[in-house]
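A, B, C and D label the chains in the order they appear, each numbered from 1.
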């Protein structure tokens, strides 16, 4: 029957449209389900997991000592040439020369946060920090020196 | 009790006492122009904000919330931005038509404001062919859109404009037919007559199911006529980027944008006047107490309440449904809406002759 | 034929001049910046009125030559680059690369790592399909589903962030296993997600699948027969929507896919709606896989012992996995060194895109969006 | 259908072809001139290799090798066909009419390796712009401006 089909077509069409409107209308009257996060205001209670990879930092303890031996394992592991290790030779009191870290140059603008350098580090000297707000006005500020001024290698780290 | 009618009457008296009748006319005309433009600006700001808030809440978002309390001045800021922006005219465009088109669309929207009864005895021009005037003038806006699409010299614009042409021309039919059902029931084309005929009940209730069907068809048709989703074929942002106003920027774009919202307001105002009793308060049968309470609400509040309800309905459509394809759009009109509304008109006519409505 | 200058300029002198001589047809550029192409895909289409007469994809706007880059990266390093191909199934891309390296090294993967990998793959697949669903609806003009889809996808990315350390380009797979063990919260949060997902999936059907406008837009649009699907090399949901069995997880099971129960979803119509339904039903199957595995993660190592410097023996290694878009093949030619001599990624999107012209010619402009949406194109995956 | 079956079948068909079974799949090394007739046989005979899932090229510095990975949705067996091409003027017959996916893959190989596919319906650069010179995936490709040497 043509008329019957025609009417049932219209019935089903209208029904399906009303079902859709029920869904959106339902959300309209339930503002409790709003998921907007108001970013700069909620900075205090932003919950970043401890594994979140924001940038590479070097771990310094309270004596301003780090664990980097300058072995360049991270530099080799990095796919993007993000890390450049500049080494120097320390002269120990007994007159022996020993290779040590001079500057740990980190190019944040090249980094893809792949974590391969942290994996490669034999002494766990570097880690990934959770800071993700990297925008600066000058690109040169993205090239960072990771070892703090005056820091030295912790005793006993080989 | 607050009423806009009182205001206009006292103004009229004061003017008549101080000026000659020619000057009264001139001053009143200027006042009306000023008021119309103010209404436009305010409506534009309010409706855009409303749309964004409605959309946001349906999309489990907050919407604009940075400029002013609850983001209330967001649209004002947007307008400022659009005014400051350079109004580019593409090199290959037909400069005259390109610049004219937004004004055509805008002026059409302004003309439509004339016969709308905003409140009891508060109307710019109570013309005796009010309904005819509205449906005749509203179809001119397609010329502006075609002009914009053609003059932009952009294929997306052209496609959008052509779609819009086909769409508005066909949906004009069922919109007209559903308006006629009310004209048949009332027996008058004058909008004030139509409103006063709903003294004892709105047509959507008085006219039984046929009036309701006419109302539904009217809402669908005007959604299509104003190029709103799900019938936004002229813009169709995922297909034609921005349709007929792809090349417009700055204030010229803002005029299109504003005209879209004003058009929605106007069609909703017509819908409210025809089907929901215009500024008439809600009366239920013989409940005298209830009816009296309803009468205490100013008529302008009734009118704007109904209009905004309809606007909300149209926004609800937009944020729920996917867009139709152009051939399905025409199918819907010619295979479903038009036959139904013709049959419906027949039913209403029989009803009106037999006096079966309340 | 039109000349190259006509293709490139959208604004030729007037619209009439832009039309092809005498035919009433006009050439329009969809893309490279266009809301429906989801990236920098450039389609040059010839229209007659609203009907598409010819379609020609122009690629390369995001071609980074990942294959060439990989030739200078070691076998540990090159994996992270592949996250940038099909960024929506980055886990699965990494997985494919790790599998290829392991095949070359003949490395045994600890069972714990295998299960974690499969869990991550399936979560990625759900996340990818969620995003596709939202974007698909947006292509057809419905904006709201996009936000609902993202709400659920957000839960998955949060889980990923907690365990893998990143939300989109995780680089969690390493040759021999996974980079670190799952987070203590992982199992609980995945179970929470499954509960959430099941409660919300009805909403998807109410809002989009059952909608009459949506069905009319999708049914009978972009038809692809089974023979054509095979000939065009279509894989994944595109091929399965045409009734071609192509699920690598079933045909050539890797990791623990042969130990879990799930169905290969097949639809036979071959139109856009069939492809749509395949993806919707696939999400349920992924949930089914996750439910079977989430409580049965075996104890043990999460990474096999590997040498610091990996060297693949001389030879050729080819691995296939099922990404959210279809069959991803990784073809490594090794000369015995620490870097691949030649690497080829057979990406699913590239082959799926080649079928687009066949599917849309003769249909309306609006159908192009409906068809392209169901192909689920990720442009970096096509360009690589 | 097994590796041995294919091997015998192919030996009968192409006596000059050499085989390599060390890998996962049967590798068949053929002459480029034989490719077209061989492809027709693979596609249209009862072998029914209807699914070309990978088509690529390798630059061996002395010559180029075209690699075709073929499979079938019927028997799910895979063979790998290889053909060595002259590096200076690499030419091979197209198979885009047999496997339509080859049309795009061949354009990509033409673009990045410069292999000319004879009788290809629309052999233009697919990824790079039309006036680009050089073939980036060849081993001797140098781009002094854009390439970063690490």
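In this section, contacts are C-beta pairs under 8 Å (C-beta built on N, C-alpha and C of every residue); 3 or more make two chains touch, one makes a residue touch a chain.
This one's a predicted model, so the numbers in the text were calculated from it and none came from an experiment.
Chemist: Which chain has its C-alpha centre closest to the mean of all protein C-alpha atoms shown?
Modeler: C
Chemist: When the contacting C-beta pairs are counted for A-B and for B-C, which pair yields the higher total?
Modeler: Here the pair linked by more C-beta pairs in contact is B-C.
Chemist: Would you kindly tell me how far, in whole Å, the mean C-alpha position of chain B lies from that of chain A?
Modeler: Their C-alpha centroids are separated by 51 Å.
Chemist: Measure off the straight-line distance from the CA centroid of chain A to the CA centroid of chain D, and report it in whole Å.
Modeler: Those two chain centres are 42 Å apart.
Chemist: How far is the middle of chain B from the middle of chain D, if each middle is the mean of its Cα atoms, in Å?
Modeler: 63
Chemist: Find the geometric centre of each of chain B and chain C from their Cα atoms only, then give the gap between the two centres in Å, rounded to an integer.
Modeler: 44
Chemist: Would you mind listing the residues of chain A that make contact with two or more other chains?
Modeler: Only 17, 20, 23-24, 35 qualify.
Chemist: Of all residues in chain C, which are in touch with two or more distinct other chains?
Modeler: Within chain C, the residues that touch at least two other chains are 144, 151, 207-208, 211, 213.
Chemist: Of all residues in chain B, which are in touch with two or more distinct other chains?
Modeler: 58-61, 319-321
Chemist: Okay, in this complex, where on chain C does chain D touch?
Modeler: It comes out as residues 4, 59-60, 63, 65, 67-68, 72, 227-228, 230-233, 235, 244-246, 251, 315-318, 320, 327, 329, 331, 333, 341-342, 344, 346, 350-351, 353-355, 358, 383.
Chemist: Under the stated contact criterion, what part of chain B meets chain C in this complex?
Modeler: Going through chain B, the ones touching chain C are 55, 58-61, 90-92, 150, 153-156, 158-159, 163, 229-230, 232, 236-241, 319-328.
Chemist: Please output the residues of chain A touching chain B within their complex, sorted ascending.
Modeler: Going by the criterion above, the answer is residues 10, 17, 20-21, 23-25, 27-28, 31, 33-36, 38.
Chemist: Could you please specify the touching residues of chain A with respect to chain C in the complex?
Modeler: 12-13, 16-17, 19-20, 22-24, 35, 48-49, 51-53, 77-79, 112-116, 119, 128
Chemist: Within the complex, which stretch of chain B touches chain A?
Modeler: Going through chain B, the ones touching chain A are 54, 57-62, 65, 316-317, 319-321, 336.
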